[in-house]
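Below are two complexes that have subunit A in common, paired first with subunit B and then with subunit C.
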Partner chain A sequence: MHELLLFASVSSHQHHELLQQLTGLTAMQPRHSLERRLIFKATRKPGLANTRGGASQGADIVRLNKMLNGQMFYTQVVGPVSEADFDGKSSSSESQDASMSGTDEVAGSSYDYDSQPWKLEFRDIPEAGIRSTITARLAASAALPKGDVVPSMNAWGYSFVTEYVVEGDVFIHNDIVIFLHRVLQYSVHPGQEPHEPRRQLPSFRELSPLERTGSYILQAAITVQDGGNQELMRTASQHLFGLREQLKSAVRLEHADRLSLDTRAK
Partner chain B sequence: MTTPSPDQIKTLEQSRQRLIQLTHSLGSLITSLNQSDPLPSWPSLQTQASIISNNLQSISTHLSENHELLRSISALPAPEFPTKTHGNTLEQLLRTKLDPRVEDWVSRGRKADNAAAQNAASSSGSAGMFSTLPSATAGGLGAGVTGAGAGGLSEGDLAALWEWAPVEANAEARKRSWGGNFTLEERERGIESVVAELGLRRVLEDDEESEEEEEEDMDLDFGGKAEGAGDNAGAAAGEQVSPVVPMNDILRYMTTGILPAVR
Partner chain C sequence: MSESFSVSLRPKIEKRDRPDSLPRDIAQINAQWGSFRELNEATLRQKIEADKHKDPWEEEDEGDKESADLETSERLDQLYKRRAEIIQFALQAHMEASFALDFVSLLMSKHQPRQAETSMSPFLKSAAPLGSLNAEVVNPPPRPDSTLKDIKSVSRGWRLQNFNSAASKLLNAGSRLETEVNSETKYWNEVLAVKEKGWKVCRLPREGQALGVQYGFLEATPLFRDRGLAALRRTDDGSLFLDKGLIPLKAQGVRVRMKHGDRIVGCSKVCRPPQDAESIESRILQARDTVFEEELFYEIMREARILGSQGVTTRQNLVQIPLSEEQEVLLDLVDRDQDRDPEAAVSSERDVFADSIAHSIRILLTYAHRQNLRRRTQPPPPLAPKRRPIPEYQILRPIMAYLQHKSHIQWLESLMNDLRGVLKSAGIACDFRSTQFDSIGTLQPNSLVSKVEALARVFLAPIQSTFSATLVTPGSSFRVRIRTNPAVPPFGTFYDISVNLPQYPDVQPPSHVGLQEEVSAILTHVVMLDIAASVPLQGHGASEQQSKDRLSWEVAYAHHGELLALGQNGQSKKMKISLSRDELTIHTIALGRNGGMGPVDATSSTMSQTWKAGLAESKPTLSEFVAQASQP
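And now, the complex of A and B:
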């Protein structure tokens, strides 16, 4: 599965207007979306295969080795949440006490970490060169079991790095998914970086945008099931360029810096 | 006495042609002023004036180019000239002095020219040739020159004015902050009275007020939306802030969790 992407930076004062413009363009109301995103990083090579197995075994073995001994990647675990999950009380000392004493977070918050659905999203580094005017990358997703994902992820050789919340609105325009979003961070006291995903969520008001001025990112994406089909890829690119033309007077959609979407773990 | 060469005749003929053109255009201007009611529109007057001025210019160049010849040439009646029937024309042609009216025009023109020193030479050159011209057309030319010269300011004064004006206008403009259809003084006096005073027919919006209104509207919009997003959105609302963190850094954070500042 391949993703073709264009991005644009949207300043906060333009956000409201752009929402209306997109509503008009796509003839649909924005679908508000809130996601918890956990970032995991591969800590060890996924597998150890004997690379000197002999040349006679052919191309399959070469490919297998490449997969197993290939580069390590960052990967994301995404869980949809709703604003109701962000309960004001959970950050108060009272509810911290409650959770420490093991009386369960249900007392203070409606958010139930154990029934949080998760999805694993893998994104390759964008392809180099060929389509320099558009960001194209290999993408794959898979559903994960509900609840605590950390043990499973650890077992696969991934360790938790950080988490944030993505707030935004989704529009669908023909085959293009338009996502106008921004990153919200949890307020973290210095030196108290959590080493695992939060089991409870703080009040929504305590989240602060990563970009202090509150700007948004507009992402236009087309997913192509068969990335090897050049015809499909070309059509998809043209659709994105068409959207870029339509939005030209409002925002400037462009491809992202390839290295900023580099998911390889060094 | 020598008979004039074909070249000299040609020159004289050209002078005549141009003067005819000039009298024609002057005549048509006079007729249009006399006859049309209401007066001809500004554009048509302008067009006629520029035609006349072109005529004058071409005559002036022509005369100064052939200065020598026209100065030295003099008219004498041939024996076969029909003196009895065209005595009037003959008298005009044989005049050595200018018609008193024309004399007046020329002296007025000279006076105006003296003020503009640079123009004096060419003007007196052309004025000096009037002796060889039929008085009626010379009068027309003289009047044109006088009209042009009576502008008031000399070239030097004009140049000085142009040098002074842009600097001064700029300095004056910098003293004020611009935007809006009314000055602060006018606003203090009350816009209605100013409008009545100036006789403004169209109601000009007072920009300052409408801007304030717009800002309030924006605040309301953001206020409504900010309910969910919390204070952070409210803080940024209303101001036109461009993002400080580059998009690529945000994308990098989203991909790998590396904070923009840390890099």
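And now, the complex of A and C:
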């Protein structure tokens, strides 16, 4: 599956107006979306990489080697949450404590970590060069079991790095998914970052936007089943360019810097 | 000067330079040749020949010969002198011309400075400021009074006339502006009124200057969605009119008719009679209704084509749905004003039925619109070479399923009632219960789906009704579940029969029955089995002494309804029970002592009794009859 993308930066005072414009354009009400995103990093297990040996390097061995010694990537695990999950009742210190220790159960919280659905999202680094006016990258996603994902992710060779929250509104315009969102961070004292996903969510007000000015990102994405099909890729980019034209007077959609979307783990 | 001053915008027709060349040619010939008679072809040819041979420099040579006499130095002197003379004359002429030009330019610069400036010499420009020279008529010769008077009156008249025409032009412009303003005001008021009614007024996408009103349905098929926009145009007097483009002006609607045999027995009514056909509001409403109705019929047609296997037929403008052998529902798109079929017989009940179908199809189309909105606002699947086809809306299928289900329920209910009547007349108490459309009753509140949608969704799910009965023998019962599936194969109605007969634990009918005859046969058989099983139990309530005297019945061939009774003295009797929808019959035959088949005394020992439903005759009940038959 391939993903074609265009981005635009939206300042916070333009946000409301743009929401209304998008509502009119897509003829639908915005669908508010809140997502927890956990970042995992692939780690190479020692001892697996050295399968080189002998003259009998068949095609399978080559492929296996390629898989084992290939690039390592960061992946995201995405779980939808609702605003009610961010418990406003528990005091900040309590929730912080809970998030720090990661295991305490605070009474009165409605968030149930064990029934949180998750989805694994893999995004490759955007393709270089060919389509310089649009960001295209390989994308794949898969559903994960509910609840604690860390053990299974660890078993697959991924280790937890950090997590953040994405808040935004989704619009659908024909085949294009328009996501007007911003990244929110948990308030964490330096040096006390938790080493596993929070079991307890803090109050929503305690989250602070990553971008201090509170500006939003407009992302227009279209997914293509088969990235090798040039015809389809062209159609998809034309759809995106059509949207860019339509939104020209409001925002300027453009492709992102390739290296800023680099998901390779160094 | 009586007319107002006007400038012709047509190009001036140019006169020809040479109106007619022939007179000029003749004059030329006369001058050149003396007389016309001298001129003929021969002389002309001679002349041409002569010109050819003549040396073009002959004359010059002659001049050279003359001047050759003069001395060379003299000639040079003379040449220079002449040349200087010529140059001097030319310079003088040029100077005078420039002076004249400068003078005139300076004079002109008083009145037309820009134009005069271009022809001034740079020196003059720097020396004298523009417009510094003026010319006036000094001491004009006195004119006669009459001329002065004439001029005066002419100029006054001229001026008056100009004033008049200017005034009338201004007045015209004023009145024109006034009407324009009035009509614009009227137009905008009407547009505002339309907007205040809640219609969406917008700019036309392809025609930026025009306003349009959107009355169509956003979720309709693109073909009809795009038609839901009409321009709001202004007529000359400012009133609004709805420009729908190429759409037929007539209001149309889907009509539902019921056909019984060859006669039309019911017809649906038009939804809303247009009370004020002229107002813009009603015209918009009418346009909206027409778009909706046309879409409805389009979708019905589309669906009807895939329902050919279920007997639905389509004509050019007609969809026929068979309900039963004789009944049919006809759907067609007709003009609003002729929606009543003149042939239709007046039957209010059928009209109501047709009306309810008409309402249902509209509700189902609106539901389909909502589903489209739902689908449209979901994240789309990845782009693939094959586009998803738009599935046919479920409009006819739920209605057909409902009607089909209903007719099956009615049939089963009448079967049950008949059986109950037969059994009742035989004094057998059975309990029949029915829960019709029990799938519809279970409307669960769902936060994801709005109530209206949930309500309509129920009718798209498989419809189910349950009939159950407890029979005579304790613990025995049966249950019939009727299911009709409108959308997913297998289509049609199926009966799920489950039987609980403690006496015959191995009796189980096939679970999936489609034919009514089979269902009827199964149910009567089950009831018959139950009656047969109940006969041996009849005597249980009696005292020991009594039961000793009586024959005790044994079920011999249950599926044939046959029982046997062996008396203590070796006497035996046979009982045969037969049950149909209409009657219950029991025969008893006394058999020989040895159990042989031949009846000993047919006349005295054969008993027979038939019970029919609804007959009010006083007959012995089944238990009485059994008791009687049990007498040895």
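Quick notes on this structure:
Quick note on the criterion: the second predicted complex is superposed on the first by the 229 of 266 C-alpha atoms of A that agree within 3 Å, B and C clash if a C-alpha of one lies under 4 Å from a C-alpha of the other, contacts with A are read in each partner's own complex, and residues count from 1 in each chain.
One rule holds in what follows: contacts are C-beta pairs under 8 Å (C-beta built on N, C-alpha and C of every residue); 3 or more make two chains touch, one makes a residue touch a chain.
Quantities reported herein were computed from a predicted structural model and do not represent experimental measurements.
With the C-alpha superposition on subunit A as described, subunit C and subunit B clash in the combined arrangement.
Applying the stated contact rule after C-alpha superposition, one finds that A:F7 touches subunit B and leaves subunit C untouched. Residue contacts after overlaying the shared chain place A:I222 against subunit C, while subunit B stays out of touching range. Once the two complexes are overlaid on the shared chain, A:I172 sits against subunit C while remaining clear of subunit B.
Put simply, more of the residues of subunit A are touched by B, taking subunit B and subunit C as the two choices.
Of the two partner chains, subunit C is the only one touched by A:A27; subunit B is not.
Contact with neither subunit B nor subunit C is seen for A:R234 once the two complexes are overlaid on the shared chain. Judged by the touch definition given at the top, the superposed model places A:R123 against subunit B, while subunit C stays out of reach.
Chain contact summary for the complex, subunit A toward subunit B: residues 7-9, 11-13, 16, 37, 39, 41, 74, 83, 123, 161-162, 164, 166-167, 183-184, 204-215, 217, 256-257, 259-263, 265. Residues of subunit A touching subunit C in their complex: 1, 27-28, 31, 170, 172, 174-175, 177, 222-226, 229, 231-232, 235-236. Interface of subunit C with subunit A (complex): residues 218, 373, 376-380, 382-385. Of all the residues in subunit B, the ones that touch subunit A in their complex are 218, 221-222, 225, 228-233, 235-257, 260.
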